[in-house]
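Here chain A shows up in two complexes: once beside chain B, once beside chain C.
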Partner chain A sequence: MTTLLIAAAKAPVIDYKGISPLFAVAGGAVIVLMAALIRGRFAQRVLVPFLTVGALGAAIGLSIWNWHTGDSRPIVEGALAIDPLALGLSLLFYITGLATVAFAWRSRALRESGTGEFFGLMLGSIAGMTILGSAENLITLFVGIELLSIPLYVMCASDVRRETSLESGLKYLVIGSVGSATLLYGLALIYGATGHTGFAEINNAIGNSVNLTDPLLLTGIALAAAGLAFKASVAPFHAWTPDVYEGAPTPVTAFMAVATKTAAFAVILRFFLEALVSAQEQWAPALAALAVITIIVGNVGAIAQNSLKRMLAWSGVAQAGYMLAGVVVGTQLGLQATAFYLAMYLFMNLAAFGVVIARERVSEHGDGLKSLEGLGSASPLLAWPMTIAMLSLAGFPATAGFIGKFYLISAAVDGNWAWLGVMIVVGSMLSLVYYLRVIAVMWMTPLKIELPGRPRRARREVQPVAGWSPEADPRAQPEVLLVTLIMAAATIFFGIVPSPLFHLAHDVGTSISALFS
Partner chain B sequence: MTIYLSIILFLPGVAGMLALLVPRRLAGWTLVTGTLLTLAYTIVMLARFKIGGGMQFVTDDNWISELGIRYHLGVDGLNLFLVILTALLWVPASIAAALREWDRPRLFMMFMGLSETAVLGAFMAQDLALFVVFFDLMLVPFYFLVGMWGGEDRVYATTKLVIYTLAGSLLMLAAAVALGVMATPAGGHISFSLATLAQHPLSGGSQYWLFILFAVAFLVKAPAFPLHGWMPDAYREAPLPVILVFSAVVSKVGVYGFLRIVLPVLPQASVHFQELMLAIAVVSILYGSILAFSQDEARLVLGYSSVAQLGFIILGIFSLDPKGGQGAVMQMINHGLVTAPLFLIIGYLAIRAQGRDSLDWMGGMALRAPVLAGVFLIVALATLAMPGSANFVGELYILFGTFQSKIVYGIVASAGVVLAAVYMIRFYQRAMHNPVGPQVESRDLALGPELGVIAPLVLVILALGVYPNFLLHRINAFAPTANDRTEVSVIK
Partner chain C sequence: MIFEDVVFFIAAIGALAGAAGVVILRNPFYSVLSLVGHLFFLAVLFLLLRAQFLAAAQLIVYAGAVMVLYVFVVAYIGGAEEPIGQNVPGIRPLGVLFAACLLAELCIAVIGTGLKALDTRGAHVANGFGGPAQIGSLLLKQYLIPFEAASYLLLIAAVGALVLARKRRGFEELTEEGRPA
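This part shows the complex of A and B:
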């Protein structure tokens, strides 16, 4: 009894305003699950997605309400803190969540697994990401990673009657668990070496009470880096990525490709630049080597792919390499450039995945490259977003990707890592081969597959069939098209007027005070 | 501060966008109107240009202040005529395009318009980062133009073209960013302004590797000898109006980059690598000339002759001599002016040879087509730098410059002048004389669009041949020079 009282007296101080976005998504997950118990088409088709959107919208609003520049502010003492880095990146999670709702709305996975379960799990995963983004402590870091991953394992397998989906979920579960275990081992060793779990305390201990070359510490860092590399699909820990991305339902793939990667980079940025920045000389060369390997492996791997999802998976690996270069630099500019690139990455990837989703529902080729054949004349509204996304991923000017790469290279050169900047452009050169192939297929092949030929007037009579249906016209998916067009427009807009995002990135750069010194 | 150059810059692009909105048959003429307006603007600009007045019509605004990229345009003695050349040659190209039937014409015209905007931007940019933006942007329309409307192997050709050139320009992107960041004093605001960069040259070591990255980008674009692999495929497959502007104008962007960026900003490296660049130039001249002589496809004769002619231009630039630099700029204009009508002529010849542009299918056309033969002869003689043409003056200046700095290269390069005569005369002879080709239907240039497109260009060539000083006078203002062995500066 007395121990309980003591515990109650020592209960942590919680900043409810600061934690409110997390409440919105976690609470949203519960509400969505409950609402899905209501039977009937309206509840399943409209109410639940609407509630999910509401939860995410509320989280976005609350994050903006909490926005402040400068150093982090603890919300649950020693465990979570909010700063522009956490807030800015969680905005990216929420936006990806909104896009995923649109992408998944008519998907077969949603019908197979149940609307409430699917969206509830997605919100749970986003809650994990939010925790991860503001983790200040090894324990919360791990809790965040697990909360992020476990719903994702289920979501990957949510198309329960398709074997590849189940396989994808299982593969992700096994490999994700190995990653988590490695990470946990590393975190334990770091705790063993420094005697602290808080990031700030660890950073203080390194170089003071703990020797920089302490083998326990270095092994811990190496294992933790490997564990995080699994999550961010950084080579050589990327092998699961193409298989899992290919097997998972495409909306889930889009969610993983963008949100999970952003979350992984959120924690990589925080962990290396906040907890381990004093040991930068120890880990920077190792991470630089990983970045180079990732850039090369990702780009070379993507060249031979005929499945768009696999291609985007490999391209995601390559992009992780570029962003890792921003982490290696270890300066404020590097942090800003990485955060900036993550935002750009969201726009261009969601645009690309939107097109893949729209096409795979109507094409006999599924997500194969062939499903895009002749799209330029058949459906320019889908072909343009894909073109823009590919040009942007390849780093052509007047797109977001160009500005992102420009920023990363200038951060690399500024931090005396000029050769890493050159590696980024070497990677981009390799990437041209497969990005241009997609554009060539869309615009430069004769139209071989005819869209379902029906007289114009009859079009309205065909009910939009949920999910997989050859009758469903691409125009019967306005929500996918809308998201795709918005993302493509943003890719162009921020390629020409990037200043608003630079302001955000600048705020994010002020988050970690250790970098000022 | 004036928006004058911005109007010239964006007018063709806007016309291209408009072409997307108008009915299909009007798309081409919308673009033609846009290019004509652009040309009119540049002529007004030429009239108002003050000789020896330095940078003029300057526009200098913040674009992306966080990265130090400025929207900084200007025209001086170096790029004045290149801007005019661009505006001039896009007119016949777009007329030729408008006269033909295309699949998806609106899209074609939009890309044509965008490409002119991008090329003009690269010529006018006075900010290194802005230059890089336009230099890369140029590729996007050409990628589509070749890939969507080209010949059989168009996808292969266009992919090769883009990968070659973008590989070069991505390296340049890295070099440009590195240059801007390293030239910024600690704590200062990053700047890519070419004038600022020229005032604070880097130390020797960094100049060297930056030079190599820039040189690769520019040599691929030209194309110069070891990096010309994309050229034959692209020249063979591209639609005629596209390859016309590509060969006549876009190939100059690379060599222009040497004069605008590399020599002023990396002077030590330019001196250090002078012999290497001269060697590349001489090899390009000889290699291009010999291959031009042995081609059967008319387009490839021009393609390899371009390699040779651009070799001359590079020779002039890296003679690092004021005369040589001046000759190089002059030769850029001249080469553009003769290449464009030559491609138009190839188009006319192909029509008369049942759509084939191989020399084997031509021949004997001169008899029934005296005007065509006359026009062709004038242009061919100008190309081989007959005395009395502006090309003669240009090549003479280049060789003067080279003889003064590195006499050996000058002597070898002189052989190139002779070789040019050999391949051009062979080209003319096999097309116009010789036995009549198997399916040739010889008829003269029609008075309408056929003659109308080419005649003004030929008149410009003749006029400049009579009065080359019109160019020399204005180009005089800017030329690179070697003051001593360690520093190259730009004299005004």
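This part shows the complex of A and C:
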């Protein structure tokens, strides 16, 4: 008993340097919430967004400060890994957060839910993603995924007086809870089979004290994979994606499409390649089947869509399939390729969503494909980023998407999964149908000048659409335009000069040293 | 020994019946009451495992606090008359089929491994396992990060609840914009 007490009295060593990016976002959320109590336009419009940007900027700086290559011991009693995989993907969350601040700044959702609450929830969700990306045991993983999801449910519904937004939040809540429950069940079974919660211990137990074909372990892996597939919108667990993406306020959709997907893949990468890599021959065929289904379902589903948000949702499903192929390979190259693709995915998707946001605020068609008609001659500053984003998503040479897909395919071929590489190519060919349609609508329909300021129909007939506000002047959304242009420029830049990101991806690949290089 | 066995089977049957009642009963109020029963019997099972702290926490937190909240919400909102969702033809048998497959899979998994230890004395645990001291030290040492993150999650969830539920000024503004309130 005395030994127990002495042991209990020793506090765990906390590596404050390693955990500092998490403190920056989690603390930032609290500061933002407090600052939002100050009344007045300045505090609401300038101070709170500025503090949010400051928290994210601090987190970016602290992540870079922590950057090192190679595997490292997890901190705080093995709860969090501060390795390039966690830090690199966290950078993507923070950058997405910065873009979302710009996207949301004039949105209706922000005014409906309150500036402080909206940004506080967003920072809370990003804190969850940070925890999730570096989770080193099952408990941390689950708490992280809940901390990611719960603020997102509310953010989807944050345009509370629009029915579709509420519907989207409720749908996401219900399906997200089913996914979480499935995941939790799977994690419990894995714990039951191996007797450990730590990833490293689980990996040691598999094959040694636990048989590889142990039904409890296999069922646990299957249920956990299904639960994570819900979050990453991998088919056949994707059915919520188009509805939720369409209904949610578009800045939230952009945040979900990029950050949530990156977080889901961060945990999939770490969970499968670190905790379950000994059982790779068991899960790899199953995940490969999911990847193929996802690529086909996503690309076919996107073809018939007329809403840009729905189209991007289906395209996100297809892209999840490509990235899952990188996980299946299970080598360092696969890890690098997936991380690299996630970065590319951020640039091209944020560029596309920026254009959707800018257009839906002024167009009577909302986020419909028609809102882009004649955009090529009306405002080339928006048409070009959209064109670049679409070409990149389809994987055209000289864009970031091409390099990303090339990297994924080479990783697949290298790891003896060549047919998965072929599936990526087939999927990309299918995807041209809907990506090129967007480009055709922008550049090949005759110019129709829309009256700036408000939709053409009288104000009384207009249904409020996400992000639309009467006082938003279409030509004065410099923050959206700026983010869109930066993202499009990055898409082209990293398509031509990918080597800086190659180096980062290589560092990320070294995070899990147990993998075959 | 016999006494323990008897209590175990009563508690196990009670817990299963309670869980089944939650999904079978049509009236949400009875569902919630059934859940209370389920949690009570779970607490008895924890007691049999000599985890007194968990049993007490289960009763106080779940059966006591959380379920009272549920009962209040159900009593406040009611709505037993409203049908849950529309019936899409063809979905129902498909759902039953998938649920049956999942059940079979889980049964194979649990019976395949979990019941191997049924005839043994079970895992050897040290004295004080599952006691408050050990749980406290686990929460503040090995699981410090999830523990703190969970409390942070509660804060964020409270903010989220505020966003959705707080009173809003200016509902009239919405009617002006062309949609009936």
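In this section, the second predicted complex is superposed on the first by the 482 of 517 C-alpha atoms of A that agree within 3 Å, B and C clash if a C-alpha of one lies under 4 Å from a C-alpha of the other, contacts with A are read in each partner's own complex, and residues count from 1 in each chain.
Heads up, the rule we're going with is that a residue touches a chain if its C-beta (ideal position, glycine included) is under 8 Å from a C-beta of that chain, and two chains touch if they have at least 3 such contacts.
What you are looking at is a predicted structure, and each value in this text was computed from that prediction instead of being measured.
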item	value
Which of chain B and chain C A:117 touches, first, second, both or neither	second
Partner chain(s) touched by A:192 [first = chain B, second = chain C, both, neither]	second
Superposed model, chain A: greater residue contact from chain B or chain C	C
Contacts of A:219 with chain B and chain C, given as first, second, both or neither	second
Which of chain B and chain C A:440 touches, first, second, both or neither	first
Partner chain(s) touched by A:127 [first = chain B, second = chain C, both, neither]	second
In the complex, chain A residues that touch chain B	376-377, 391, 394-398, 402-403, 405-407, 409-410, 413-414, 418, 421-422, 424-426, 428-429, 432-433, 436-437, 439-440, 443-445, 498-499, 502, 506
Residue ranges of chain A touching chain C (in the complex, touch as defined)	1, 4-5, 7-8, 10-12, 14, 26, 29-30, 33, 76-80, 112-114, 117-118, 120-121, 124-125, 127-128, 131, 137, 139-140, 142-144, 146-147, 150-151, 153-154, 157-158, 160-161, 169, 189, 192-193, 214-216, 218-220, 222, 459-464
Residue numbers on chain B that touch chain A, as the complex places them	64-67, 104, 129, 132-134, 136-137, 139-140, 143-144, 147-148, 154-155, 158-159, 162-163, 166-167, 170-171, 173-174, 177-178, 180-182, 190
Chain C to chain A touching residues, read off their complex	105-106, 108-110, 112-114, 128, 133-134, 136-137, 140-146, 149-150, 152-153, 155-157, 159-164, 168, 171, 174, 177-179
